[in-house]
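Below are structures written as structure tokens.
One chain, subunit A, appears in both complexes that follow, with subunit B as partner in the first and subunit C in the second.
After this line comes the complex of A and B, so read on.
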């Protein structure tokens, strides 16, 4: 099976700071991967490069064999760690926009999820609470039948009940042939859904292993192991 | 994909822009009604009437200038927010090239700007027609007709129409260049790692000074090399102005696109 995401020799420098240092990574379809690391380890830089929001200094990134561009962007469903929708838009108009731009967008799925959360699609985004805005964004992202989902801090800033909802939404809505990359600091919350984890440190990959192997080799949960590796 | 981007850009901005156009046209009509009422009653003394006419005229000019400023501010803020604030995370992850994304915003902004001037034209024209009494209106139409007949007789009609077309073309290009200077500066501001808005403001000040010097130099050379009494003086001047604006538009456009393609760095 060919890799969904193939990264080779990726470097990114900001002035004198090396944000990514020779990152090599292959992610095959059907995996949920945790992208973990302390602040400034390069997680967001890596995600931005994969999504086409940042140019690497050198190296190659292929998404299902496509270099970063319109084709790769059509395959990636990206949830950033901030609200990227205009507050003046209604949820309905955002859904129409996603439907127009993404062939894989399933509006029925979006309306079902909105209905289950009692969110009226006619409402403007500025009338929603922060938590509901994040849920709407997640619904939009998970309503696509994308090949690669990239979720940056999907459960940060929401209450524990909403976290459960978000994790359920992620698990129940992604196609088994697709892959998900989740970047988060809340490792304990997402650990049950992860197949494998990447530990980033100072811009390089310190560890890339299946979760089961970590548990078997260390006798610790990923959260405990992370705290041990990155102890200050 | 460019067509889709343009369509959605219109959908996201039409409400504010149409509101501005309606206000612009309403301003012309209401101003004309004000002047008609003012001048059709004998209650006011001649000096008061002259004063109110002047104040009304200056008020209308100020209101139109303010509307022009509002259009520019709206388009520039929208461009910045849509591309380089958190909304950029959506704009630049759509399945389109960065060139298409930036071009769609620039094209739609230029069209809205152009339509604003159309609304100003409608506003002024309707104000003139409404202010005039019917005999005056008839006189105006006759004068215009006589003017064109005279031009046709002296076989200058073609060159007059050509001059008007060049004047309109040059004004449109100059307007686009002014608007795109803001977009260019916003893009240059993105090259700053921090304080990107400050970078954009400094760039705007810098480019304004440089362009002012260049423009002044070109005007000086124009006066020096060309006879200002020559019938072709203004024609040549407008042609040079159009070329100048065209070159600026190309520089501003390609720089904005280049930065979005190669130097994109959203916070």
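After this line comes the complex of A and C, so read on.
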């Protein structure tokens, strides 16, 4: 099984609404893929199906050859678009919890990143600003030695300097046999770290291409190209 | 030198341009070892696969070469570096003249203006 993620003929309906419409996707190891699309195009639905949080209406999803289940979930490190941590916990206790939960969690890595971003691990989550809370969650997710990282809007509330640090950390730390899927609206910021991008529209894949191919073919950045494709 | 990648041309081409400048400016000396793909990628803020692709393409010019286990090195062939320098200079001059002509200056006027600029 060479592909880390293999999706075939994926459909998802919510009552009468078709959220995903025949999605086919293969992602090989060592790739950073941007999942882009306007609001309501199906990004989070797709992510939740890959993570096993939603059931598809039809179609297959394989993660490193495994159907969605405990095995696939153990391979995926997922950053949701909403927080799920208890506000009353300290960062230290959350790190202990992650160590308990995940065999592949590397707490040294987490402490190192917290230190670089000047976040005191003794603090309670509720005392942190929105952006710092987001950083902590991203640090937790990136401190696992997972096969597939799925980040849903990872840097939206983070200041530009910390964004740079986070992106640099992602590219210098991730294992070449692992892949990352990043869903975001901040295309210009993450564009240089992406291998390829997926444009979702109304639940189907409109385009799936390497970043440099888009730039070479259109003479535009992916950010500009996105604005043109989805002009309202 | 900071990487300042712009948004419209392919990233791997900009990486090659950047490395060429670093060689011509003497930031990298002949025979120097280049940092690893990962280090360069982190420094430039680009995907390591893109950096890898850029370096492989760049190798085709002979300006860098890789030694199986020890990494990538700048060429020691001074002639190649001189050729690169000449071609970068030509590109810059050509571009400058084209831009000035767009502004409506003739070649003689441009030369005159350049001279006034350097005399200042």
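By definition in this document, the second predicted complex is superposed on the first by the 231 of 232 C-alpha atoms of A that agree within 3 Å, B and C clash if a C-alpha of one lies under 4 Å from a C-alpha of the other, contacts with A are read in each partner's own complex, and residues count from 1 in each chain.
Basically, a residue touches a chain if its C-beta (ideal position, glycine included) is under 8 Å from a C-beta of that chain, and two chains touch if they have at least 3 such contacts.
These numbers come from a predicted model, not from an experiment.
Visitor: Return first, second, both or neither, reflecting whether A:82 touches subunit B, subunit C, both chains, or no partner chain.
Guide: first
Visitor: In the overlaid three-chain picture, which partner chain does A:53 touch, first (subunit B) or second (subunit C), both, or neither?
Guide: first
Visitor: A:221 contacts which: subunit B (first), subunit C (second), both, neither?
Guide: second
Visitor: Taking the superposition on A as described, I'd like to know which of subunit B and subunit C A:15 touches: first, second, both or neither.
Guide: After superposing on A, A:15 lies in contact with subunit B but is clear of subunit C.
Visitor: Looking at A:188, would you say it contacts subunit B, subunit C, both, or neither? Reply first, second, both or neither.
Guide: In the superposition, A:188 touches subunit C alone.
Visitor: Overlap of the subunit B and subunit C footprints on subunit A, residue-wise?
Guide: none
Visitor: Using the touch definition from the top, list the residues of subunit A that touch subunit C in their complex.
Guide: My answer: residues 30-32, 164, 167-168, 171-172, 176, 188, 191-195, 211-213, 215-216, 219-221, 223-224.
Visitor: For subunit A, which residues are in contact with subunit B within the complex?
Guide: Residues 14-15, 48, 51-55, 69-71, 73-74, 76, 78, 80, 82-86, 88-89, 93, 97, 100-102 of subunit A touch subunit B in their complex.
Visitor: Name, in rising order, each residue of subunit B that touches subunit A in their complex.
Guide: Within the complex, subunit B touches subunit A at residues 1, 4, 7-8, 11-12, 81-82, 86-90, 92-97, 193, 262-266.
Visitor: Under the definition above, what is the set of subunit C residues touching subunit A in their complex?
Guide: By the definition above, subunit C touches subunit A via 5, 7-12, 38-39, 41-42, 44-50, 53.
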